[in-house]
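Chains here go by letter, A, B, C and D, matching the order in which they are written, and residues are numbered from 1 within each.
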Amino acid sequence: MRIGVLTGGGDCPGLNAVIRAVVRKGVHQYGHSFVGFRDGWRGPLENKTQTLGVPEVRGILPRGGTILGSSRTNPVKVDGGIERIRKNLADLGIDALIAIGGEDTLGVATRLHEDGIAVVGVPKTIDNDLGATDYTFGFDTAVNIAVEAIDRLHTTAESHHRALVVEVMGRHAGWIALHAGMAGGANLILIPEVPFDIGRVCTLIESRFQSHYAPIVVVSEGAVPKEGTMELVSGEKDDFGHVRLGGIGDRVAKEIETRTGAESRAVVLGHVQRGGTPTAFDRWLATRFGLHAIDAIHDKDFGKMVALRGTDIVRVPLDAATRELKLVDPSLYSEAEVFFG
Amino acid sequence: MRIGVLTGGGDCPGLNAVIRAVVRKGVHQYGHSFVGFRDGWRGPLENKTQTLGVPEVRGILPRGGTILGSSRTNPVKVDGGIERIRKNLADLGIDALIAIGGEDTLGVATRLHEDGIAVVGVPKTIDNDLGATDYTFGFDTAVNIAVEAIDRLHTTAESHHRALVVEVMGRHAGWIALHAGMAGGANLILIPEVPFDIGRVCTLIESRFQSHYAPIVVVSEGAVPKEGTMELVSGEKDDFGHVRLGGIGDRVAKEIETRTGAESRAVVLGHVQRGGTPTAFDRWLATRFGLHAIDAIHDKDFGKMVALRGTDIVRVPLDAATRELKLVDPSLYSEAEVFFG
Amino acid sequence: MRIGVLTGGGDCPGLNAVIRAVVRKGVHQYGHSFVGFRDGWRGPLENKTQTLGVPEVRGILPRGGTILGSSRTNPVKVDGGIERIRKNLADLGIDALIAIGGEDTLGVATRLHEDGIAVVGVPKTIDNDLGATDYTFGFDTAVNIAVEAIDRLHTTAESHHRALVVEVMGRHAGWIALHAGMAGGANLILIPEVPFDIGRVCTLIESRFQSHYAPIVVVSEGAVPKEGTMELVSGEKDDFGHVRLGGIGDRVAKEIETRTGAESRAVVLGHVQRGGTPTAFDRWLATRFGLHAIDAIHDKDFGKMVALRGTDIVRVPLDAATRELKLVDPSLYSEAEVFFG
Amino acid sequence: MRIGVLTGGGDCPGLNAVIRAVVRKGVHQYGHSFVGFRDGWRGPLENKTQTLGVPEVRGILPRGGTILGSSRTNPVKVDGGIERIRKNLADLGIDALIAIGGEDTLGVATRLHEDGIAVVGVPKTIDNDLGATDYTFGFDTAVNIAVEAIDRLHTTAESHHRALVVEVMGRHAGWIALHAGMAGGANLILIPEVPFDIGRVCTLIESRFQSHYAPIVVVSEGAVPKEGTMELVSGEKDDFGHVRLGGIGDRVAKEIETRTGAESRAVVLGHVQRGGTPTAFDRWLATRFGLHAIDAIHDKDFGKMVALRGTDIVRVPLDAATRELKLVDPSLYSEAEVFFG
């Protein structure tokens, strides 16, 4: 078979490990050949390809990013986009497609599958908010980077009387904040799933200052204050009806200073969380996702996505990942609350 | 309630995270008090205790090792050992015990439970070879340390014509070798579950030298050659009937030199793999194990052990972990074989 | 002798290593005793002390921050401050003082020395901008943290078409930006010593986008645009007559987006750069500074500060460090320019 | 000009950073062109070359190893070797050579220079034992790797009653052991420059066990016992007249067990110390060495080697580095002794 591979959406440590596993097993075990598509769906849409064989995937396992490039191009929103992809795949003699990406990328893959194109998906999200899989690669790396930052901030918090706010990724789900905050020994964790009361945040911070050294607050970039508790920069609302703030970390730090009189500083890790070499867990998971994705292709089991269940890689329908966001369960959040303060 | 806590067996990153979670939730949420036992089962056997409260667990989350100390003392093998423990617990007014440890430690805990002592277990093994739980804390840290070493060795392998052998932990099970080898891009992985043929190892190494840069071989400390394929240092056999070698990494490196004529070097990571700060995953898992262990105590659900199933922490019978070793499944090992060579 | 020790100003990896070395050598080799002062000059000013002996310094070598706490209290600006310190030192029976700190802290130490108080200084600045010493501890740690972040950003830059701006510490001197930018392979480095022309920055960025993957720009927090080249948020000027901007990293990123049309993101590492465990170099330097500071005290060579010259620790007059800022030499900056673009 | 570049001897983090700086500045600033020689002196000897231009050095700054390969081939010991090199250089139209390497490599360069070949040297040694330069790149990386290992071992030492021996690189000089031991808080450091008395080692270890947790001993691979104090494996002597042992780390650990009865374990870091990404310091130093080496070439200042003096890069005669080994000064070693025990 001749198989196309593409990576879509934001970059994520582990993408290259998936690509490598797909190609190595596809070539060595099954004798397939590959075509790399450049920059996500823009590749098959605009016929941008690159050579993809065993030599091209040599040495890429430990490297972050994606050798195929990525973009947020959505062919569903392009007039005749699906038809152009179908034609380009046919012209290139491609029998099947492996699409590695998140909600948007897999959404397009689902649509292509419904239109009769042979496609298998590999789920990707740093935020860990895709359903149907226990974890996605990239998440463990992001959490470890955030924890390392929190570890460093503890020594400053011990030496100065200064509240420290760490803003981590997580637009709709608080997984990174929850895991990093709990593993980093944060004194408070604010996540999108549980709107916060800034007054209670400040009460907790003041009581912390009285008993111990300065507090560390971990905030998801998508965390939101309860309506009416904190003046907002703008009234704009996101898809979830949450009011969007520019830089919630900075906003919370400023509010703490104003309300408690204590100095406060924000650290915004941003893109640092999604770059660089993947952790062992993410390389392992990404590699296994790749191996099982090429198996699914080989089995002609199209319209499926690989997923992690416990320690097993399973196949689920392509749309299972995108049917609904995987949010932090309230009971899990309340496990963390025993460490607040 | 008044609760005793002990850690037994080899140290393991995450032990302190368990202790902290147990104490924080036990004190803050349930109002329990704690007694720390020193050096594993030697503590309750010889009445060696230490203060264990919220102040004692402050700041220990990121620290490897165990603030309670550890040992391999087995009270079952001591005359009247069980009775002395029962008496000491009674004298100290202890209502229940949390035992954090591996096969031996949990074996003693099972025995105490059968004798009517209230005990809850927390599974611990760097090697990840305990049954009934998907993973144990410490394993992810060990794998990451091994992968970082393998990453470093790749640059040497690229620059010199020298086969590199990395010996990692894993006496009876090859989990660390398998995960680290796959995540590190090793060219060969040797594990205890699959006795190796040194002749075939050398054939693979020679063909690798011809096509690319020097090979990296990851070997579990418990890996064994097929009988008759490699001269052994001694005829001693271990519990599994495998012939034991002192330093399989060094032996394999030497054999490669002799048979292929290529230079070969061994790296033996040893204790470095079990020390230092735990990864985010291990802190998360250890913390949740601690939270759920104190819940089990509070529910008077004794004779149980906490375990990871997917993303859930569950309770299983204490002896579930020790009934049989969790070995690497042949199908999982064969997934890795596509990368050999 | 009975010796007081204090740490002033911002925290910095290596402070604890200095304290440990001072106490270990002071007690074991010279038989001195110590008093720890809390929170910088506030300690001797308000008589806030803590026990400081060999047990207190055990295990602190690898820990960031300072076990003595710190503050920016300046007794020179407090009415009768110097006299209160003199009286408190006399009441505590203190023969000499070791002051570990930066410009402000050492400035006070110089003043005390002129007033006849026996004091020895240890220079401290993350920014590496103190004169009279080749390097100060903490700097190497900060640079390594910044380089690790830049390394991670490269993989994102390779995968997306997005200019990345990294703001690092350095209010008056560009040492961290220069070292981290050069070691991290940045495409442009902006430092306070060389006001930048935002138009030329954008020209370089556009040409970079045309030839390769996305550019990474490293900016000192104190970098300033040439007057008239970039609209400023406020007209406020700092001590150096430079116009202060809130968040130069964010400002530069925004300006790049506006002028070039390319997406741009800023990463602001902030306090993460000054926390956590020191690098080997910083531990070595800090330890040697401590050993030589206690030697100077023992030799009654007061009014001096320890300093690094090549591989030697030497003693220089206390005011040598603060006489003028050590700025980046233009010739050194122009060495880096060969890598721009 | 047309310039040849080669790397000789053991690989060392920073080699690629030198090559990149040489080529980037040579091409962009001076308009020179380059030829890469493969595998050290074997390259010009056997006419093994590779393309070396700006595209080839892209992205290699953070990578360990050397893109040119390396070997220990010594053309001085090959019949007519020097003449063959002269002829090959002439045939390739090469005007000058940059040789990056240690004692052996620079020794050959000195010889070539005496024979009228235009050559400039860049000193390289992980062990930091070359004269005429304060530091060489690679050393800081090796020390940091060793310190990270020692940090990890501390937590095991705190939890178990087990002496830990760490063998680090350093055949003739104890720089890595001294820096890593001091930065890692070792309880004893054994270096080649100061033959040790195993009896006194064991006395110190026993007294340590009595007062605190288990000791950590750092040993250079070239450390030697005082004659008569420790039974030796063989009577073989090295170039320095020291008796050579196979694996001094293992030997010391064994001797401690035998003499004190305490369990003891050795960790042998081996090649892990010389691989992987260089630290910021090593990238900075290697990059500056490269920039100044190409300047020397451009200035036709042949027969020189670049060297670090304080914060300056200077030029010294090629043979200055190899005239004598730079050993650890006894006064520096005695600074460390205050921490022993």
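In this text, a contact is a pair of C-beta atoms (placed from the backbone, for glycine too) under 8 Å apart; a residue touches a chain by one contact, two chains touch by 3 or more.
Small disclaimer: the values here were computed from a predicted structure and weren't measured.
Among the other chains, the CA centroid farthest from that of chain D is the one of A. Per-chain CA centroids place chain B at a distance of 35 Å from chain D. Here the CA centre of chain B is 41 Å from the CA centre of chain C. In terms of their C-alpha centroids, the spacing between chain C and chain D amounts to 30 Å. Among all residues of chain C, those that touch two or more other chains are 151, 154.
Applying the touch criterion to all chain pairs gives A-B, A-C, B-D, C-D.
Contact residues on chain B toward chain A in their complex (touch as defined above): 24-25, 28-29, 58-59, 61-62, 134-135, 140, 143-144, 146-147, 151, 154, 179-180, 182-185, 212, 277, 279-281, 283-284, 287-288, 291, 309-311, 335, 338-339.
Considering their complex, residues 10-11, 13, 15, 63-66, 69-71, 145, 148-149, 151-156, 158-160, 164, 265-272, 274-276 of chain A touch chain C.
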